[in-house]
Amino acid sequence: MDIWDLTVRFFSMTDANVRYVVAGSVLLGGIAGAFGTFAFLQRRSLIGDAIAHATLPGVGFAFLILGRKELHWLLLGAAISGWAGALAIDAITRHSRLKLDAALGIVLSAFFGLGIVILTYIQKTGAGAQSGLDKFLFGQAAAIGRQDVIVLAVIGAIMVTVLLSLFAKLKIMTFDAGFAASAGLNTGLLQFVLTTMLVVTVTVGLQAVGVVLMAAILIIPAAAARQWTDNLKIMLVLSALFGMISGVTGAYISFLKPHFPTGPWIVVSASLIFIFSIMFATKRGIVVRLVRQLKNRRKMTEDHVLKVLFKAGMDSRNWRALYPPLHISQLWSFGAAELKRGLKRLVSRGELEKEGGMYRLTENGVSSGARVTRLHRLWEVYLERHLELPPDHLHRDAEEMEHIITPEVEKRLEEMLGHPVLDPHHQEIPYFDKAKS
Amino acid sequence: MSPELWVIFTAILAASACALIGAFLVLRQGAMLGDGISHAVLPGLALAFIITSSRDVLPMLIGAGAMGLLTAFLTEFLSRTGRLYRDASLGIVFTVLFSIGVILIAGFAGQIDLDQECVLYGEIAYTPWDTFVVGNTNLGPRAFWVLGVVFIFNIIFISLFFKQLKITSFDPALARTVGISDRLWHYLLTSVVALTVVAAFESVGAILVVAMLTIPGATAFLITRNLQLMLILSVLVGVASALGGYYGATLTNTSIAGFMAVAGGVIFALTLIIRNVIDKTQALSTVSLQKQAITPIN
Amino acid sequence: MTDNRNNAAPIEVHDLTVAYRKKPVLWDIDFSLPEGQLIGMVGPNGAGKSTLIKAIMGLLPLSSGFIKIYGKPLEIQRELVGYVPQRESVDWDFPTDALDVVTMGRYGKLSLFGRPSKEDKEIAMDALEKVGLADFAKRQISQLSGGQQQRVFLARALAQDAVIYLMDEPFAGVDAATEKAIIELLGELKNKGKTLLVVHHDLNTVAEYFDWVMLLNLRLIKLGPVQEIFNNENLRTTYGGKLNLLSEMAEKIGKMP
């Protein structure tokens, strides 16, 4: 079968096995994505990593005791030893001067070492050759079956119920544990719930993602979601969604190429979502920020053009004189290309008129020029009166502020300063555009 | 020498080299950076294999060193521009790099002499058969010599630059005000960690490198309040873990590297318990003394 | 060392603006410190006091402006400036003893491979003696009390043998007796012609401790002799409102892309 046929087979989900794999990885990704959010916000992401590594000996022990591979027993073993790992981390930081990161390194590696010892023991005793326990290291989504999906769905339902009933409290706890304590919440119990959620999340993720890369599915969807929103609810939903997409993508690729482990592909697809988010997210995205910077720079150029033309008008008492671009560029140190584009934008916005290759202010343009000039000079008055800055320090600050002051701040400035007529350099502060409108 | 002895010495060297440089990671709260680097070197190793189709040491060192530094840089970069906490940034960077490494290994399985299990817990038991031959003389396992050189390099690095490493670990701000760049030394230390990790990688694997980087230093930190002594003790704990790991593993027929981590964990746990018992008994006996001895000022 | 001192002011700060994530925390600061004075720096929380100290020490990137130490950039005058950071800035569980920490004050004078000499250790020991901790030289630093740790930092600055000292809240968390001892020591340093800039919290003791005072809140409110400028009116400007608009605008700039 070629890739196309396999793809059709995967996404049409006519095959029951495929349905289980897809359902399983959606559940896994969604649970890990959502509940990883709490660890991420509590700055406990790497604790999730340590707990994931700490589950390995539990898996091994469960297999040794049971003698066969039954997922729910293995997962129970994993959860118990994951919890033991969490307690060990706590014990180390509490009973020694060692810091959290050292405790994490110790627990993570020592528990993992024990897990490896047990796994190699199982392998060499013969029983383990077919155990497939090594799939827990890097994950193998293709192995998810009907029973696994049921187990996952039940666990997921329980966790969502707990989440919904404790949401407000968990939110406070995540945001500010100190405040939660002072507000009379049982922080010990809440932290227990959060740690249990983390342990359970890690445990259910084992099969698809594996021990080694578990941290990624806890952190990356949450980190990506964080780029889009400041709202915890939205973040949880987004993170769960990103987790699901990554889970399905990982499962799809390991369906195409069965010899690849799933975990790394889940991580790589999650990281692509993360990179996309960090570039294009509506609020914090790098691209969005660059665009906003560009807009700001454009606005500054426009403001400066309007200001210098207005000032020239003030000096000559003729607002509608025509100026060639060369003359304008001498009034301010504009770059040639920057000025050309700025003039063009101003013309199209109706603030300037172009006539025979020369420019002049329209009525709108005069008003805008007056406003920029007024903001500049008002700010200078403010700095002089309230900050007692010397006159030679006023201009540079005001140069920045004139572009930022909003109408609301402007009004407050005017009232606070009592509508001053002259700026500290004894230049007139223009108000006439307001009188007109 | 018998193959067993070669394995033991290789294990001891791997543990010692890691323990020495790892002690500084523990002091700088950088144990998890060590964890990150030990994962992140994998794509560097894989690429070196694929490009040179050999297991020459130099390309591997370059590839891995570059990945180690990349981890440190990217973590910085993400925590600044992505406005993420540092631990999350590190978690993202190393898991992604490690995933790429695993995919490369699975995809180029024919060309890379590394398998997924080896990546995690090494194959120290096979080191005696990968030997270092000069002319007609068989000098013993390659891993032994590589680790030996790295161990000696670490000793020289730390003794030459002890004061820089100490001051930037204790008080980076003071270091900068007296003209010792904390950033420069952070990246130098990161590079040396990457070098050590690569050398130990084949023998003990990515995650158990973390055991040898973190556990001996942390154990020594519990025992002593003197930095030089801490470094020496750290190496001793490393050696003890290596010996305990080797014999434990031979006895149970399990992974040597895995058992080294377990042995280290047991030594650490015992030390932690003993330390607490000692501190408690001391605290009991000094409470009464302290009441008399109020420290004079001037 | 004295060659570097010429006639310029010990510290000259010009047009200094410092921002965290673009939000200005120091705004257009301009001053010259007089030589040989004990100067207190006072202002509300978040006024930028520590930031100013760190900026002068070259620990922060400047958004604009420059700083000169005796007329030259800090990079070539490092040896002239001693620094006492806040006590919480380091991990006191670090495995080392008091003498060793004080000896670190000498590291700036050592070559790349150099080790502290016998003389360096003697200087460090002297410094410990001056702060009354000679008996604690070999004490592990986590076993020192808060006041003793503060004095260890002070001793380390003494061992730097500087002519300008910048101190970030040296009285924080120390008992009254230690505070007295520290202020006496600062007085001695001043009498030797050193210039000291000290972040201080307690307005009640400003007049008693310092000759000059710097009032700071985002911008420099006033700098001058205590008798002249340390009055209610200036304190009201420093601690009071009126600057809402400026802080708001600072906030706005911080939010800009």
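As written, the chain order gives the labels A, B and C, with residue 1 at the start of each chain.
Note that a contact is a pair of C-beta atoms (placed from the backbone, for glycine too) under 8 Å apart; a residue touches a chain by one contact, two chains touch by 3 or more.
Note that the coordinates shown come from a computational prediction; the quantities given were computed from them, not determined experimentally.
Relative to the centroid of every protein C-alpha atom shown, the closest chain centre, again from C-alpha atoms, is found for A. Centroid distances built from C-alpha atoms place C farthest away from chain A. Centroids of chain A and chain B (each the mean of its C-alpha atoms) stand 32 Å apart.
Mean C-alpha positions place chain B and chain C at a centre distance of 38 Å. Residues of chain B found to touch two or more other chains are 29, 221. Shown for chain C are the residues in touch with two or more other chains, namely 91, 142. Among the residues of chain A, those in touch with two or more other chains are 97, 99. Across the interface of their complex, chain B is touched by residues 54, 57-59, 78, 81, 83, 85, 89-91, 94-97, 100-101, 104-105, 107-108, 110, 113-116, 132, 140, 142, 145, 147-148, 156, 160, 177-178, 181 of chain C. Chain contact summary for the complex, chain B toward chain C: residues 27, 29, 160-163, 166-167, 169-171, 173-180, 221, 224-227, 230, 295-298. By the touch criterion given at the top, residues 26, 29-32, 34-35, 81-85, 87-88, 90-92, 95-96, 98-100, 102-103, 106-107, 109, 116-117, 120-121, 207-208, 210-211, 213-215, 217-218, 221-222, 249, 252-255, 257-262, 264-265, 268, 272, 275-276 of chain B touch chain A in their complex. Those residues of chain A lying in contact with chain B across their complex are 40, 43-46, 49, 53, 91-92, 95-99, 101-102, 104-106, 108-121, 124, 134, 137-138, 212-213, 215-216, 218-220, 222-223, 226-227, 259-261, 263-265, 267-268, 271, 274, 278, 284, 286. Residue ranges of chain A in contact with chain C, taken from their complex: 97, 99, 288-290, 292-293, 296, 382, 386-387, 389, 393, 397, 400-401, 404-405, 409, 412-413, 416.
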